[in-house]
Amino acid sequence: MRIPFSKPGTTISNKTGSWKAFRPEIDAKKCVKCAICHNFCPEGIMGNPTKIPEIDFEYCKGCAICEVECPVKAIKMVREPLKEK
Amino acid sequence: MSKQSDLHLLAPGHAGCPGCAPSNLLLQICNTLGKDIIVVNATGCMEITTTQFPQSAWRVPYIHSLFENAPAVASGVSAALKAKGNNHTTVVCIGGDGSTYDIGFGALSGLFERNDDVLFICYDNENYANTGVQKSSATPFGAATTTSQVGSKHHGKERARKPIVEIAAAHNIPFAASASVAFQADLKAKLKKGQAMKGARFITVHAPCCLGAGFDGSLSIKLARLAVQTRLWFLFEIEGGKLKLNFNPKVEKPVQEYLNGQKRFAHLLPPLFEEIQAQANANYARLLDWHERSVPAQKE
Amino acid sequence: MVVKTLNGAKAVAEAVKNCQPDVVACYPITPSTHIAEEMNHYYANGDTKTFIAVESEFSAISALIGGAATGARTFTATSSQGLLLMHEALFNAAGMRLPIVMVVANRAVSAPLSIWNDEQDSMSQRDTGWIQLYCKNNQEAVDSVIQAFEIAETTLLPVMVCIDGHYLTHAVGQVNIPPQSEVQDVLPPFKPKIFLDPENPLSLGVYTNPSHYQEFREDLHNDLLQSKEKIIEIGKKFGKRFLRTYGLFEEYKLKDAEFVLVGLGSVMDNVKATVNELRNENQKVGALHLRCFRPFPSEELKKILSGKTIGVIERDLSLGAQPPLYTEIVEALQGTNTIVSSFFGGLGGRNLDRTAIKVLFQKIKSKKPLKEWIAQQKGDQK
Amino acid sequence: MLEIRFHGRAGQGIVTAAELLAEAAAMEGKYSQAFPFFGSEKRGPPVTSYCRIDSRPILIHEEIEKPDLVIVAEPSVLAEVQVDAGLKKEGQLIVNSSQPKEKIHLNGHSFSVVNGTDIALKYFKKPITNTVMLGALCKLTGIVKLDSIKKAISNRFPEKIAALNIKAIQECYDAIPSGPSGGF
Amino acid sequence: MVVKTLNGAKAVAEAVKNCQPDVVACYPITPSTHIAEEMNHYYANGDTKTFIAVESEFSAISALIGGAATGARTFTATSSQGLLLMHEALFNAAGMRLPIVMVVANRAVSAPLSIWNDEQDSMSQRDTGWIQLYCKNNQEAVDSVIQAFEIAETTLLPVMVCIDGHYLTHAVGQVNIPPQSEVQDVLPPFKPKIFLDPENPLSLGVYTNPSHYQEFREDLHNDLLQSKEKIIEIGKKFGKRFLRTYGLFEEYKLKDAEFVLVGLGSVMDNVKATVNELRNENQKVGALHLRCFRPFPSEELKKILSGKTIGVIERDLSLGAQPPLYTEIVEALQGTNTIVSSFFGGLGGRNLDRTAIKVLFQKIKSKKPLKEWIAQQKGDQK
Amino acid sequence: MSKQSDLHLLAPGHAGCPGCAPSNLLLQICNTLGKDIIVVNATGCMEITTTQFPQSAWRVPYIHSLFENAPAVASGVSAALKAKGNNHTTVVCIGGDGSTYDIGFGALSGLFERNDDVLFICYDNENYANTGVQKSSATPFGAATTTSQVGSKHHGKERARKPIVEIAAAHNIPFAASASVAFQADLKAKLKKGQAMKGARFITVHAPCCLGAGFDGSLSIKLARLAVQTRLWFLFEIEGGKLKLNFNPKVEKPVQEYLNGQKRFAHLLPPLFEEIQAQANANYARLLDWHERSVPAQKE
Amino acid sequence: MRIPFSKPGTTISNKTGSWKAFRPEIDAKKCVKCAICHNFCPEGIMGNPTKIPEIDFEYCKGCAICEVECPVKAIKMVREPLKEK
Amino acid sequence: MLEIRFHGRAGQGIVTAAELLAEAAAMEGKYSQAFPFFGSEKRGPPVTSYCRIDSRPILIHEEIEKPDLVIVAEPSVLAEVQVDAGLKKEGQLIVNSSQPKEKIHLNGHSFSVVNGTDIALKYFKKPITNTVMLGALCKLTGIVKLDSIKKAISNRFPEKIAALNIKAIQECYDAIPSGPSGGF
């Protein structure tokens, strides 16, 4: 008896971080820990919102919302290094 | 809950586009409402990107049945909880604008009429994104989609957006509101308020679709903010016939600032900009008037 | 057990009430309406917990999808247009393995509009993955609906209990209705393992890509076929407790019968009465009432029908093709050299009485396979 | 098996009459069946209902084409409907009418005439003769006892309405001189 | 005639545009969406007169009911859930004798949700009274949709043109699309006698009591069966003009074939390719593509298939019973001692390629009637 | 056109109950709108009583398809007329309250959103009469129907009537109005006005159902009038957000005068009378306020 | 080819006048020709609205709306004479 | 029959690339077929598309399991997808990468490396390499002529965009030293 359901939170096995061509780089000195980037990231992967963002690059899709939204321009998108086999 | 990927009630690894504002909205919803909820979701981008077998991004109980019946499914969930004597779990129904404004609107209107105990949230990305960007009733005037194409005879959507919040409020439900993914404090307050109430509560949240509107995903939040600032989207809530404008875009910011970056508006010529500006200003005037009429009765 | 004199709709509703469904959502449509009304009556008096007065049948079935997924026992009743309107959600409910119980008060389908009986409505839902039980009379309706809850809840398949509109729903007669206290003896509470629960979050109703979809359909198909066993088991258990035993079909004077009419629904009571009359004339006739049309009991039918001369009688059709029950019986009996004739009609409330049935028995005696509309009956023209 | 057909107009409770009769018969330990034959009609047009009574369980779900007894609860349908259609040769009719029997032409069948409308108007202020005619049926045929009908009425209707109906059918019962004309 | 390289959706839409429908109402659903989008494109440029961007498929088909009843040529396209949602209105449109033309881009049905191809969606509408034409490839889709308008408008029956989603709708290739000027040569204007007209008021869509309903169903059924002639006639006429002739089915190396696969839709092109390969190995194999599933051409099939060894291949099923195409073929061939096997699968986008088809040819050579799911293909698992 | 039976565009001999107000409404509609119309009708009493094969009461072109799709059928009729270049025939869509407020509301809302050229008229008899008197969303608060029964736990309908005119108006359609079968001049004016306009026009007409409400058919018109006089039904129209109260029930007439004669209200006890009176007065106050706010902009 | 439609105005063959138990009787002297009864009759069978009502009793169902609505009480319902065969 | 598979990421125009190739082939009088294999994906995840080219009409509707040629339009998919799966022994790959050939491990198949991303970024400001890679395909395989691809692009895109794309593919074409490596 096969019931079509999925277990919670199991998308974490999709490493959607591979999608990105650019990745956000944070200038820790500039960051004022406002949590704005944390809150607007569509992936929810920037760590503890009271701290400087610690991005989980396994899932970061490189959308650059964090770069655009950071009020102090502490985030810059840089070309993603190629991981080829 | 230490790893970044475990932080939220919605896991990463979902298939939303890079920069998808509706995906961010889901995070905001889950985090604000907490664990004691049951999510009913209509077919659409947020369903397909979060629950591809054998995976799911959701860490709260979740059900998807069809595109047009989510409100009725939610009524059933709510009734089942009632029958079991559960009076704490919040039933949250989430639909896209296509489901909410169009194909599921009959069911939603039924839910409103019965005042069933459901918090309905529309992620309003202004198009049928999941099927590749067709017009919905939420698609703004003038926007090109694949079913409101620009040609020699017709030039994008010819009707204004369906005024869904006013229509919902006209049903005399306890709470009908409009919010934006870019205005988080306001959104959170409305979610909390809605959660605390009983009966049918409705919130529609503007959450731009970069793919559908044709702009870079990095701009999703910025454009959501601009929509509010240019009076093309409003933050307000209606209770008992009284309207409260939660954000007053006093200064007229030209609509072009919002329209210009988006491919769906690329065909627009100046007369249409003026038309859209006039619509924006008229909507503003109308809501402000309602707001001001409602003021004496408002608590704040 | 209490014998009452009441109509089929009320009898069924009382039986359902005695099963204590958690979520009831109904929308009126003739001839099922009285069932909805009775359910509302029980609700108004606090005898059931919920009654969602939905705005359409699509929402009725959808609410039950939500209810069943939340672990609730669920019920609705409908007919004809209402059932057709549910079509998409019927597939969905079965695919999601939700044990909803629904009574279909069979009625013709539009156009042209008719509120009268035939079985086009439920027969055209035969692909949707629902178990379908057809009842000859109101006693069977009451008993089947009680069994339906356990069948559904143990197989995780939705069950449609089909009863002929007007002929059964509106006919007053004597029915034994097991009271709630006795229903409890046969019907265990519904305790699903997979359901919407904040304590144990799961995601139901997922999307599948080509590497997964077919396996779900295979399982659903196989589980449906397998459910025959449960239907038999529960029918027996019911019989032990209430002395009325049910299975996949009812054989009536079949063993030694040479000429057999096979069909489903209330007309089969008329066929039985006709068999009685013809047996008095020493004719070797018999009947088979197919209670369980889905899953379709091919092998079982093959075993008992092979070699006899069969007429299939049905109140439905598949427009532009052979009628469904007949076609499936032919398939079941292929290779057995059994002669099977098809008689279809009785649509939109047209009477199928003993006189008409006798003609059919007469016809199959020719031992030629016939395919015919059942001729118009005298007195039909109102 | 006894097969009875009722004629009346939609809205007059003709279906209820058949059902009450079926219930009364069941109370007396018989098997019974009652069902309507009418559809989308609301109020006004002629309608029909049926009742079967037997000492054995009733198997069939068929219309009644050859009734043993026909009750015409509404005089005006006589002009529109052939109320004796299919009526068995030895079958009977009970007709509600203010006319004398001579004026009513139902060739070939024995029939009785009861002025039910006046009684109905007296008690209900409306020409609703469904229950009243059951009083006549009891007296003229003895198919069921008047008491059973009364009980069936009490079971079904709210107290006040039941009481009124019971008075009305009693009056109708008493107004008919002769007992069962036999045959049932 | 212009050969273009484009996908099935666009090809079909262009063909429809060339037929100049008066009323088009569409709702998006994968994989039919591109057809709707193209129709909107033509509308935006003034090449068609209307485009009703309805709020659901139920309203799409309903708008066409209104349009056709007003004497307009009507068109829509849909798939899967959208088609299921139309179910009630499909019956209604046929019963009202409204010559609507609809393209169904075939897709699996939920639950679980899948956007991939199979034919459960349209096969489960087989009772609704619609003519159903299935297309092997995009050329047939284009040609069939043009013929569909005349078939519909002369028989007063709605026509469903079924094309496999993704496999056809999304596949780019070479297609001959008769331009509007040439379409006019074969497609006469629609001039109904009965339609909504203030000059000649009539009431359509009436209620029927038991003395009238069945006659309408009988007529509808018979007219559907009769429509075979029109389908053949129009297919021939088309062939005269465009050198591609159509009928109820296509026989492929059938005459001398001993082993034949029967099926419908795009898989039959693969079967033909397989037949070519096996014929090279001197195997006596053949194929029959059933273009016209409704009306079902029983007698015609019996004539040409009797005595051969048949495998029926289908991308659908009737849950809890035998699959529909197979069952009807068995019925058609009863009494002929033809061995018929059933192979079903390819659901939800599962590939059915020549390798798989060779296996089926191999299997039927055993000359035993088999009933099997088509085994999983290598490479299916994405 | 000399015989009485030939006088109207709707023939007698239909099967409406004696005293059926909706039947009278059909006559008023046909006579006001004239011959150059096409009627689309949803399943319901007015369909079943007028068009039983092989008969029809209609002398204008008429179509019935299903219960829930009449608005969409009407959209199709309208599109077909447009395609044929016919710009004179009025497409009139007629539905009962069950069809309009409930099962067909999704389609109606779609029609509104597209602003299709259809004059929609609801005959509001406040119940599903055709299936034997079940509650609809138009059934008034407190009324007993077979699906809002009076029992020991529940006592008739527990929600107020769905405010359909306000909901329609909230869609920003050109014309949304409420009328009564008893106020013929007003009704006729609205029908004419609606006919003269383009786009989606909506009128709901109170037309009591003697069978459904449980009163003698002779009182149908009287009760319709009383509903308006007791503020339980209002005559008003909304255009461009402005509301005009066409009849002002200034004097408070107790709601009992309307409720008392009807079986569906027979169970009501004094506290509920007060509740209903309060609702009536509140609705009056609300509409009057809206009316007064709209006055400056009104032509009359 | 049977298309389910009906011809216009054909219900006139249903003589629904037989339904009534009471019929309206008009006092011509009282009538002020206000046409109110004409307009409210659900059957539309009272003749020329500028004249004293001439009811077509073949269709009058005896609902008595005309009696109730007549402002001058010119209409009275009387018991319908029986038409039996 | 030639069977070609394209790899890329959803949103990068991989389907368009296959279609343009099919159109170009058709212009040269061949028969062709192009189709996608992707579903609910929006933007980002790896996707695949297919193209068949033949001198005879193409009958089959099957996925391509044994391609003759594989185009990898997006370097990052190499880490996620086995791009040479099913590739015929004598089959080839054309890979977009900024890495030198040595760093790319595609054992057992001959492959060429093209730095398409840089060209794409130059012209489109985004790493959308779908058309660029067609330039490489023309040069390296000669399956179709560069002109045919250009014509297909002109037919499909608005003027400005077409012009830009044509420039880009020309640059890519020119950047590749050798002509067709043969075999096609």
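The chains carry the letters A, B, C, D, E, F, G and H, assigned in the order they are written, with residues numbered from 1 in each.
In this section, a contact is a pair of C-beta atoms (placed from the backbone, for glycine too) under 8 Å apart; a residue touches a chain by one contact, two chains touch by 3 or more.
Predicted model, so just to flag it, every value in this text is computed and none were measured.
Participant: Looking at CA centres, what chain is most distant from chain F?
Facilitator: Using the mean of the C-alpha atoms as each chain's centre, the farthest one from chain F is H.
Participant: Select, from B-C and A-C, the pair of chains that is joined by more C-beta pairs in contact.
Facilitator: B-C
Participant: Mind checking the centre-to-centre distance between chain A and chain F? Centres are C-alpha means, answer in whole Å.
Facilitator: That gives a centre separation of 56 Å.
Participant: Would you mind pulling out the distance in Å between where the CA atoms of chain C average out and where those of chain D do?
Facilitator: That pair's centroid distance is 34 Å.
Participant: Chain A to chain D: how many Å between their CA centres?
Facilitator: Distance between chain centres, rounded to whole Å: 82 Å.
Participant: I'd like the Å distance between the centres of chain C and chain F, where a centre is the mean of that chain's Cα atoms.
Facilitator: Inter-chain centre distance comes to 39 Å.
Participant: Hunt down the residues of chain C that sit against at least two other chains at once, touch-wise.
Facilitator: Counting only residues that touch two or more other chains, chain C contributes 53, 55-56, 81, 85, 88, 92, 95-96, 110-113, 116, 201-209, 212, 216, 220, 351.
Participant: At which residue positions does chain F touch at least two other chains?
Facilitator: Each of 15-18, 20, 48, 50-54, 56, 58-60, 64-66, 68, 101-103, 105-107, 109-110, 113-114, 137, 217 in chain F touches at least two other chains.
Participant: Where in chain A do residues touch at least two different other chains?
Facilitator: Answer for chain A, listing residues that touch two or more other chains: 4, 6-8, 16, 19, 61.
Participant: Across the complex, what residues on chain A touch chain B?
Facilitator: That would be residues 4, 6-16, 19-20, 39-48, 54-56, 58-59, 61-65, 67-69 of chain A.
Participant: Residue numbers of chain C touching chain D in their complex, please.
Facilitator: 3, 5, 7, 115-116, 137, 164, 166-168, 170-174, 266-267, 269-270, 272-273, 276, 351-354, 378-379
Participant: Along chain E, where are the residues that touch chain F in the complex?
Facilitator: By the definition above, chain E touches chain F via 22-23, 25, 49-50, 52-56, 58-60, 62-72, 74, 88-89, 92, 96, 196-198, 200-209, 212.
Participant: Tell me, which parts of chain H touch chain A in their complex?
Facilitator: Per the stated touch rule, the residues are 9, 43-45, 75-76, 78-80, 97-99, 103-105, 127.
Participant: With touch defined as at the start, can you tell me which chain F residues reach chain B in the complex?
Facilitator: Touching chain B: residues 101-107, 109-110, 113-115, 137, 159-160, 162-163, 166-167, 169-172, 241, 286, 293 of chain F.
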